[in-house]
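Look for chain A in each of the two complexes below; its partner is chain B in the first and chain C in the second.
Then we have the complex of A and B:
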């Protein structure tokens, strides 16, 4: 697994906002004990010490989340002054939000696309049943109109097909994600957030199309679950 | 990456105690300033002024003066009308809640709107004041045990307590002269004490069945971090209900036997409840017991209960714990087999029936090695120690127990902060105006899991004012909902056009009738099915409306491209669908919609050919 760490200190060598001492970590001055206010450039990835990537080491992610919580949680600052308490709440709020959004691949993907300015509205075509699934789907529709027992068995068949299809789609999605990440790795790390190179834009469009396909399949799976309740 | 921890913050030396304010029993605990030889920061239960660990949560008024604890408990029967118990069940609730769900209590509750009022002699008290009397006794006990003033505390509440109930608890603390530094959830507190032994790691469920409330929490324990993954429960379910069930049976038997209505006689009623509790407790260690009550000077009622008969009686009550457990697991994304331990907490966990249901739900033998009465107070003391800055190895990462949202168009609740979101957290939503030159927007903050506003708990209503008069839809007001580590909700509004800001602390009024609240929480489970149907209806209607709009738009094409009878048919189906859409009948809407769809297939094909033909023409 690639290490996606943007060393906060490397990317932005900074000095304490209060006493001016050079900072060893991005958020706390070990010299005077002041928490550093959040910079406007922070995002969900940076606040957890990661470069923006679609695929993250989730074990490392959890470890970071715990380490940062341990250091920054407001419960650590109950005896500190109001300003430190305020910043700790502000930082912990962002960290909680970041962790929730980066923990699952689906949320991480949509945050990633948003961060780079790709919006799903960009190519909204009417989603259709994928050709691979169409035949079984229409057979199922016919059976639904005619015989419930027939429909039940068709439904089971369709469930299997849909499952397999989704597994293949997921592989494709992961492959594109890896491509996007590899392209990003080649960019200058300091510029990667917010920068859209053309190559990445093309890949992101591909990714977006897959994501929209996913959404359609999600609703199809839901429909199927509902039919299952009625039929089986 | 290693993160330095800055250790030079000043530490305040006045003690912070941990308090378990229970429905039946309360305790106070403390972690001594100096760690033990091993360095472990172990809590100790502080002895009450009566020299016991437990302080029964009973307040009896003798000549108008409150007495708390065992001394008061003795008066439960002798002076039933002046003795208040299980007041936690009334905290943050309204009179309407009492009907049905709370059973009948021997003491006098005044009917009326809003906050519950209890009449004792010629004085009237609120549940907050009675709770404050208990807290004051706890404070005095702690002061006596520690030999110094105690003014700061962490108090536990059931995880499933809503905001009103939490605020009421805080207020009671304040009335008792305590600065309540933090309200924490009982099962979470229990997990802190359980996890004091660092060897206990992994995913655990805490099943806490107390006197009046049931909570289930799923946590991840990792090297001193206690991460709450999900929480669920029922704030009107506990050991009291077992007593109530036994008592109801007894009242029924007495009526059949002698025609006496025991419920009308406060003393007799209290005696029956006491006998019921004794029977229940006896049945946790023996397999039969005779319930005995003196009905009057001549008659004594007796009934022999076996464990089997008792378990059959309480089974429906225990079954109510199953669904919250399954929901908590699902919210945490776990299967029972993922858990490394199921920890039982609360007095009733001494009953074999409770252990059985836990085993049945989780498919494993539950762990009942923790002290069921003391573990919650011990955990509160550990959190107090953390907040005092003395325990830097432990940290509790907590969540919001119930979803928070706002009312949106159509009487629906739109969730902004889903339940089980880690705190502190923030959610933002942008609002605009509906009318030209509108200068205010009403915002209605809600708590609960249901779809419709009316089914959730209303926390607060406020008006965003001072919006610059502009055409409708032009203003952009960003409203932020912030929940701090204390679980307190704060709402801030910002006019994005002018940059002007206002901030509103949402202080839910526990004076409001809470009737809906609890019913809603309970109903949320019973009505999950009804909600699902309703949500489906909305979905089907939306789909059908889309079909209808599309068909209406293409109707002129139909008359252009199709033979007239076919076009007429489409028109007829359009009308049918329009009629069906006025009903709530899912099947007819779907049928009409699919008829319209089928009738339009030919038209769609023709239109499609049309388009192809045009684009081919265009390419040439």
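Then we have the complex of A and C:
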């Protein structure tokens, strides 16, 4: 779905599907009151009026979600015909999914990468194991077998180390996200789609590699929590 | 879904957990990971230089039960084997022995990769210091 790269920032000016009047908002014709059917180009970002970006103003996101929820509320369409009621439900369903997926940064990141067609890289041989942390963890396992008291104190030290490592990783991740967004902001809409994907692809690969390393930290954290229950 | 009894056995009573001296010329170390699930496996082998036979094998891991079982089984299997024989071990044999479900196949791949990485590390060491001592 590389076409995601040419996704428009705001819904571009269009005309009402029913009466042909120029639309003021993306989804409702103020002239004839018809709801506009969902276009195939709509995505989670566009239905909430955002350009596809990794970092969003989540306060604004929530505000838009509530505004749209009110505007599309079924009570408003009780006197409408079946077609309009169907469209309102369809659009609201998409908006609910969109809000849920864009609200948190991790889900938003994974949706963003999918939208731009970068989801196959999990198969890459790019393990990026946090070697030093792994070694510390293995030493901790040795200590556990020898002296539980010593292991308990080492475990506390490890928890701090892991927390600091995660914080540094998060900073790195946010920096790359900002880089990707800035690159998207700079794109000239007149440029060919091909050049665009090349420019973003390099950054997206970097982002994916960073995200992939996360799984090791997650499983390490799980193992640590398990050991904490046993020891502390 | 229940795990096969063999997986549980290896998980609850893993064989060959431990560490060898990474710096020793007769020890090869392989550290591999599966980014899909976050499992990491460290497998070490001690080799008899004259016969090229794996005298001993140890592993360390973090991750799920199947990863522990796969590495435990892998270390059991490669002990007493020549490097060539150990290199010939396929992940499918581990899957079969442990009756791993499809979703856990990557754990067996990880074990196979770990064996290869450890042997590769040992051979690289030999190359850089031909005396090996």
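Here is the rule we use: the second predicted complex is superposed on the first by the 198 of 232 C-alpha atoms of A that agree within 3 Å, B and C clash if a C-alpha of one lies under 4 Å from a C-alpha of the other, contacts with A are read in each partner's own complex, and residues count from 1 in each chain.
One rule holds for everything that comes next: contacts are C-beta pairs under 8 Å (C-beta built on N, C-alpha and C of every residue); 3 or more make two chains touch, one makes a residue touch a chain.
All of these numbers come straight from a predicted model, not from anything done at the bench.
Looking at the shared chain after the overlay, A:137 reaches chain C, while chain B stays out of its contact range.
In the superposed model, A:128 makes contact with chain C only, not with chain B. Between chain B and chain C, B contacts the larger number of chain A residues. In the superposition on chain A, contact of A:70 is made with chain B only, not with chain C.
In the superposition on chain A, A:21 contacts neither chain B nor chain C. In the superposition on chain A, A:97 contacts chain B only, with no contact to chain C. In the superposition on chain A, A:216 contacts chain C only, with no contact to chain B.
Shared-chain residue A:49: touches chain B; no touch with chain C. Only residues 122, 126-129, 131, 134, 137-138, 141-142, 145, 212-220, 223 of chain A touch chain C when the two sit together in their complex.
Those residues of chain A lying in contact with chain B across their complex are 5, 24-25, 28, 30, 33, 49, 64, 66-71, 73-80, 89, 92-93, 96-97, 99-100, 226. Those residues of chain B that touch chain A in the shared complex are 1-6, 8-12, 181, 222-225, 386-389, 392, 395-397, 421-426, 482, 484-485, 536. For chain C in complex with chain A, the touching residues are 17-19, 31-40, 42, 60, 62-64.
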